[in-house]
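Both complexes below contain subunit A, partnered by subunit B and then by subunit C.
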Partner chain A sequence: MMDNESLKTLFFETYHGEEIVNCIQCGSCTASCPLASMMDYGPRQLFALAREGFMQDVLSANTMWFCVSCYGCTVKCPRDISITDHMYALKKMAIKHDLKNPKSKMPMMYKSFSDPVKKFGKITDTSVIFRYAFFHPIDIMKNSRLAFNLAKKNRLEILIHPIKNLKGFKKVMTKALELEKK
Partner chain B sequence: MKYGFFPGCTYSSSAGYKESTEAVSKILGTELIEIEDWNCCGATSYWSTQDIPAYVLPARIMALAEKQNLKQIVNVCNACYSTLRKAKEKLSKDNELLEKVNISLAEEKLKYSGKVTIRHYLEVIVNDLKPEDIKKHVNVDIKDVIVAPYYGCQLNRPWGDLDNPHYPTMLDRLCKIIGAGVLSDFSAKTSCCGAASIMPHNKECLSLNQRIVSDALFKGAKVISTICPLCQLNVDASQLKLNLTKIPVLYFTQLMGLAFGLNERELGMDKLIVPFKI
Partner chain C sequence: MKESIPKIGVYVCHCGSNISGKVNVSEVVEYATGLPNVESAQEYKFMCSDPGQQLIISDVKEKGLNRVVVASCSPRMHEKTFRLATQTAGLNPYYFQMACIREHDSWVTENPEKATLKAKDLVRGAVARVAHHEPLTPRVVDINPNVLVIGGGIAGMQAALDIADAGKKVFLVEREPTIGGNMSKFDKTFPTLDCAACISTPKLVAVGQHKNIELMTYSELIDLKGFVGNFTATIKKKARYVDASKCTGCGICSEKCPSKKILSEFDHQLTYRTAIYTPFPQAVPNTRVIDKEHCLYFKKGKCKACEKFCEADAIDFNQKDEIIDVEIGSVIIATGFKTFDPTPLTQYGFGRFKEVYTSIQFERVNNATGPTSGEITTKDGRKPESVAIIHCVGSRDQNHNKYCSRVCCMYSMKFAHLVKEKTGAEVYEFYIDIRSPGKGYEEFYNRLQEEGTHFIRGKVSEVTDIVDDPSDQGKLTVVAEDTLARKVRRIPVDMVVLSVGLEPSEGMQDIARMVGFSLDSDGWINELHPKLGPLATASDGIFIAGCCQGPKDIPDTVAQAQGAAGSALSLISREKLAIEATVSVINPNRCMGCLQCENVCVYGAISYNPALNVCEVNEALCKGCGNCASTCPNKAITVKHFNNDEIMWEMEGILSN
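Here is the complex of A and B:
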């Protein structure tokens, strides 16, 4: 496992996390966050930890997995810190360095979304939910009334119509992944 | 006026967004030319998990538009809008990333040069058309349809250059132009609906939707109007579980269609979960 020091350098230099040194700990981010109450640490605390170098604690927190990308904090921040973008960076780092919070369900949601994209070039609501249901069946069962309603209104797309040049698209994405790993 | 059009993945299965957008754009003469063979923009899932592919997905869409000689891309989904715009802005500043994106796109003989402008259809209607060009098509009085204009997150944030990021008024203005009633004090207009988190974190996200719905109800709205398919689905579907009076959640294009004299079926309003009744 990468040590705290190297993780901090990576966050600061590769993901531009260095701008969090400008944070004045005012807490506007946490106060404006719709799901802060669910987080191990609100964004303010998370940045305080990162700044002090507790990167392993930061990366294994559930905080960024509750970020819904509403950008509420970003527009409130008096120091113009791009908070939502840092949440994206921390999620990517947590995955890459195998530190992601084991209880968070969003990584599976993201995977359920990106799988049909890789396979067909696009998604349908049904294709994402079907995959997610495989891992978290109870979450889906709780929404059976909604599924019934959507089916009744002919809004469940069972078939995905893949993009036309699927072969070309897959080549593009393979190349992108290759460059990602370099 | 001609525009490139990126419908996004959920457009056709949404509660009448497709039907109403097509009908309204025909009336207004905003010709929406679909980008050929578009792919998913990747949205939050890709921003959260990958570096290069997260840019390649929106860049492919923009490159396809360039190939079709389209100068602008109109979106109807806030997430698509923000993804394309975010990618464009970053790629204009980061040459190394741009090069990697173009190496990937070259596999399909595509090239991204960053020439297209990213738009949202609401903003196109409000900014490119004169109020009288919209007003002249209004032939039904909908002043009793009192609207809670709900913008969601990713149109005005993080940018804040189209409208105020905390308290936008663009949709309010459009409602007034088409003769609808509009709440002047809808404080939940940019509250978050929970987006994709509503599936894994249903209970927590339901309370976010409760705030939106109850604020609209208590202030006397008859409908909530949205500009994004995910917002529409969440605010509409959440009401199956909220113990509140039901309030229909219409796309802004459906609202316009009603004012233009189209019927509910033509506007796909039979697909709404909370039925429209005034």
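Here is the complex of A and C:
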């Protein structure tokens, strides 16, 4: 893994994280976060660690992976910090530079969602489940009862129906990736 | 009357070693001697000292010099000194020019040779310029000794009293029906817990009775014209529909008034008042006012209950608004503040939950003349078991007011103390940072900690009526992260107090435009200088006091009010005022009345004369900045002492090496 100093530079400069120096540590983000109780650190503490350079602690935390993008924190932040955007930035950074916590299942979970989108233009239940199950079969077993109940109520889509004009969608995606590289 | 042959004396100053450390002064003197029109050139250790100035004076007399050049520091430092010396020597003070060889040369040039060369250039420029100087005479104007004070809060009252006690006439204008301002709404004051009414009501009475104060309540400034020492203020006295000379303040009219359900402004919507009313029992003047908007007679044409019952025969439905002009020499602005309206912060539920109060409402709840006669109870009459006080509501927030309102931490702690004392309830203070800089303030914070107040460091994210424990049904839950204990807290409380910040009063923009001062991005008045001119504005003769300049507590407000009163007194006691001669003049033959100069003048010194279709300069307001001269497309404007001729000759001199 890269050292703390260069990780901070990477986060601040390439991923526009320098805005977090404005944080006054009021905690209104953590208090409005519906998943704060599941997180290793609340957003407030994550930013406190990041700006003091404890980037390895930041990247091995589950905080950003648990963010559900409800934007509750961003709306209430008195310093107008785009907290949710920084969560995305940290996730992106972790994947792109292979800095994710090796013990965490979350990156795989995210990938199980994004891969079907690339392939079919949308997510479907079975495509997500199968991808995730391949790496973490035990987790899926634990949830099999839920899957069974959903299927009974006709709430589990078994066949995969890609979107109309998948070719067009893929063109859009290619262009988007191209633009991002610039 | 330009002397035909200029005879110039050049004096080069060593300034200790400030100049001579880099510049070869003797070389500059020798060089200056050879310049055209220079009669004599000399050097001296400190030109600004008494012997230095004497040198100039005796040379003028003995050698018959008629122009003086001093090469020394910046004109900002000593231009006045040397102009005075020139004048003492018997010359026009504007026959003097300063070459700045310290700030512009010796302090900023590394190489001594280059520094000496630059000094020579600057001296040559000054010599070339001074030969073309024109004699100017400063104008002297009379100063009207009356003062206008706008705003009758604690700042305005204090300033008015100080000036009136000095024997000068004061016009005190207040928008509301009574003086007293925000302070008269408070219960106790921090950190000493004096009763606000006990210390402010004597001031109200003193203002009301002072023979030198002409009190104009329920009145507004609608125009201000003129310049320092000679202003004319136009004031609108709104009709009260009650004859102040007859009203005894007995209150029978309010008792009989049938319109009783009007939300009280003084109690911040917590109680009702009648259509004929007085804001609070100790109001000064104690003359009632009819609120035209809600009065049945004005709405439907019948009622007149007040008129029937008034024994003094004071009700006069035919009263009209009155417009009056007053002549004054100086103005003190003391328009104060209003509190932030927390309705846009929907997460705090103000207006949605009846037990959420703003701090100014809570002041009224605590006050003996307030809605509950000073008892702290919920709206359904229960004693609260726990109370949450939320700091920084609308302050320190990029989406609302970016600044810290400065007083909220302290008044919040005062509330915590009062709640504890009156009800014994648990008090939770949700703060981001406690700011208690002031005499006895930190000690007060410490006292609150010892009283068992819960200080929770975290901004509240939500106030909700959803409770975690069914037994708390009917309470409000306050959610915040306890950032020091690293826990998200959900605390059930009976009452919530929002410590709202301070904002500039309504209508500041209008007054700023009328009086001629600027507001900062938050709407507070810009003072002349943040350090050395905190009570003055960019307009001469206009002073400021209290919260109109920025949030502050009562002691600071009173200190400023007394300071502003002192500044105004120092001005009006001079009786006469000399106005700087370096002002702009408009040549009416070249002016085409395009008004471009009026647009760029920041001092409001230029006005348009429609009869002649030209613009004119008010010399008393002009500061000689030159904005107008550089804007004028017809070159009709010249700035005295900085006219094109003088500037071109100076440049000619500097560049002619």
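Note that the second predicted complex is superposed on the first by the 158 of 182 C-alpha atoms of A that agree within 3 Å, B and C clash if a C-alpha of one lies under 4 Å from a C-alpha of the other, contacts with A are read in each partner's own complex, and residues count from 1 in each chain.
The working rule: a contact is a pair of C-beta atoms (placed from the backbone, for glycine too) under 8 Å apart; a residue touches a chain by one contact, two chains touch by 3 or more.
Note that the structure is a prediction, hence the values are computed from the model and not measured.
Trainee: First (subunit B), second (subunit C), both or neither: which does A:His97 touch?
Mentor: Neither partner.
Trainee: Which partner chains sit in contact with A:Ile24 here, subunit B, subunit C, both or neither? Use first/second/both/neither.
Mentor: The answer is second: A:Ile24 touches subunit C but not subunit B.
Trainee: Of the two partner chains, subunit B (first) and subunit C (second), which one does A:Ala36 touch, if any: first, second, both, or neither?
Mentor: second
Trainee: Have a look at where A:Val172 lands relative to subunit B and subunit C in the superposition and call it first, second, both or neither.
Mentor: Only subunit B is touched by A:Val172; subunit C is not.
Trainee: Figure out whether A:Gln45 sits in contact with subunit B (first) or subunit C (second), or with both, or with neither.
Mentor: A:Gln45 sits against subunit C, while subunit B stays out of touch.
Trainee: Does the superposition put A:Lys119 against subunit B (first), subunit C (second), both, or neither?
Mentor: neither
Trainee: More residues of subunit A are touched by which partner: subunit B or subunit C?
Mentor: Per-residue touch count on subunit A favours B.
Trainee: Per the contact definition in the header, classify A:Ser69: touching subunit B only (first), subunit C only (second), both, or neither.
Mentor: In the superposition, A:Ser69 touches subunit B alone.
Trainee: Can you give me the overlap between the subunit B contact set and the subunit C contact set on subunit A?
Mentor: Residues 37, 72, which sit in both footprints.
Trainee: Touching subunit A in the complex: which residues of subunit B?
Mentor: Contact set of subunit B toward subunit A: 9-10, 12-15, 36-40, 42-53, 56-57, 60, 100-101, 103-105, 107-110, 153-154, 157-158, 160, 165-166, 190-192, 194-197, 199-202, 204, 208, 233, 237, 240, 270-271, 273.
Trainee: Spell out the residues on subunit A that touch subunit C in their complex, using ranges where they run on.
Mentor: Those residues of subunit A that touch subunit C are 24-32, 36-37, 42, 44-45, 72, 76-80.
Trainee: Give the list of subunit C residues in touch with subunit A in this complex.
Mentor: Subunit C reaches subunit A through residues 347, 392, 396-399, 432-433, 457-462, 479-483, 486, 488.
Trainee: Show me the residue ranges of subunit A that touch subunit B in the complex, using the header's touch definition.
Mentor: Residue positions touching the partner: 34-35, 37-38, 66, 68-72, 74-75, 82, 84, 87-88, 91-92, 95, 105-111, 113-114, 117, 121-125, 129, 132, 136, 139-140, 142-143, 145-146, 149-150, 153-157, 163-165, 168-169, 171-177, 179-180.
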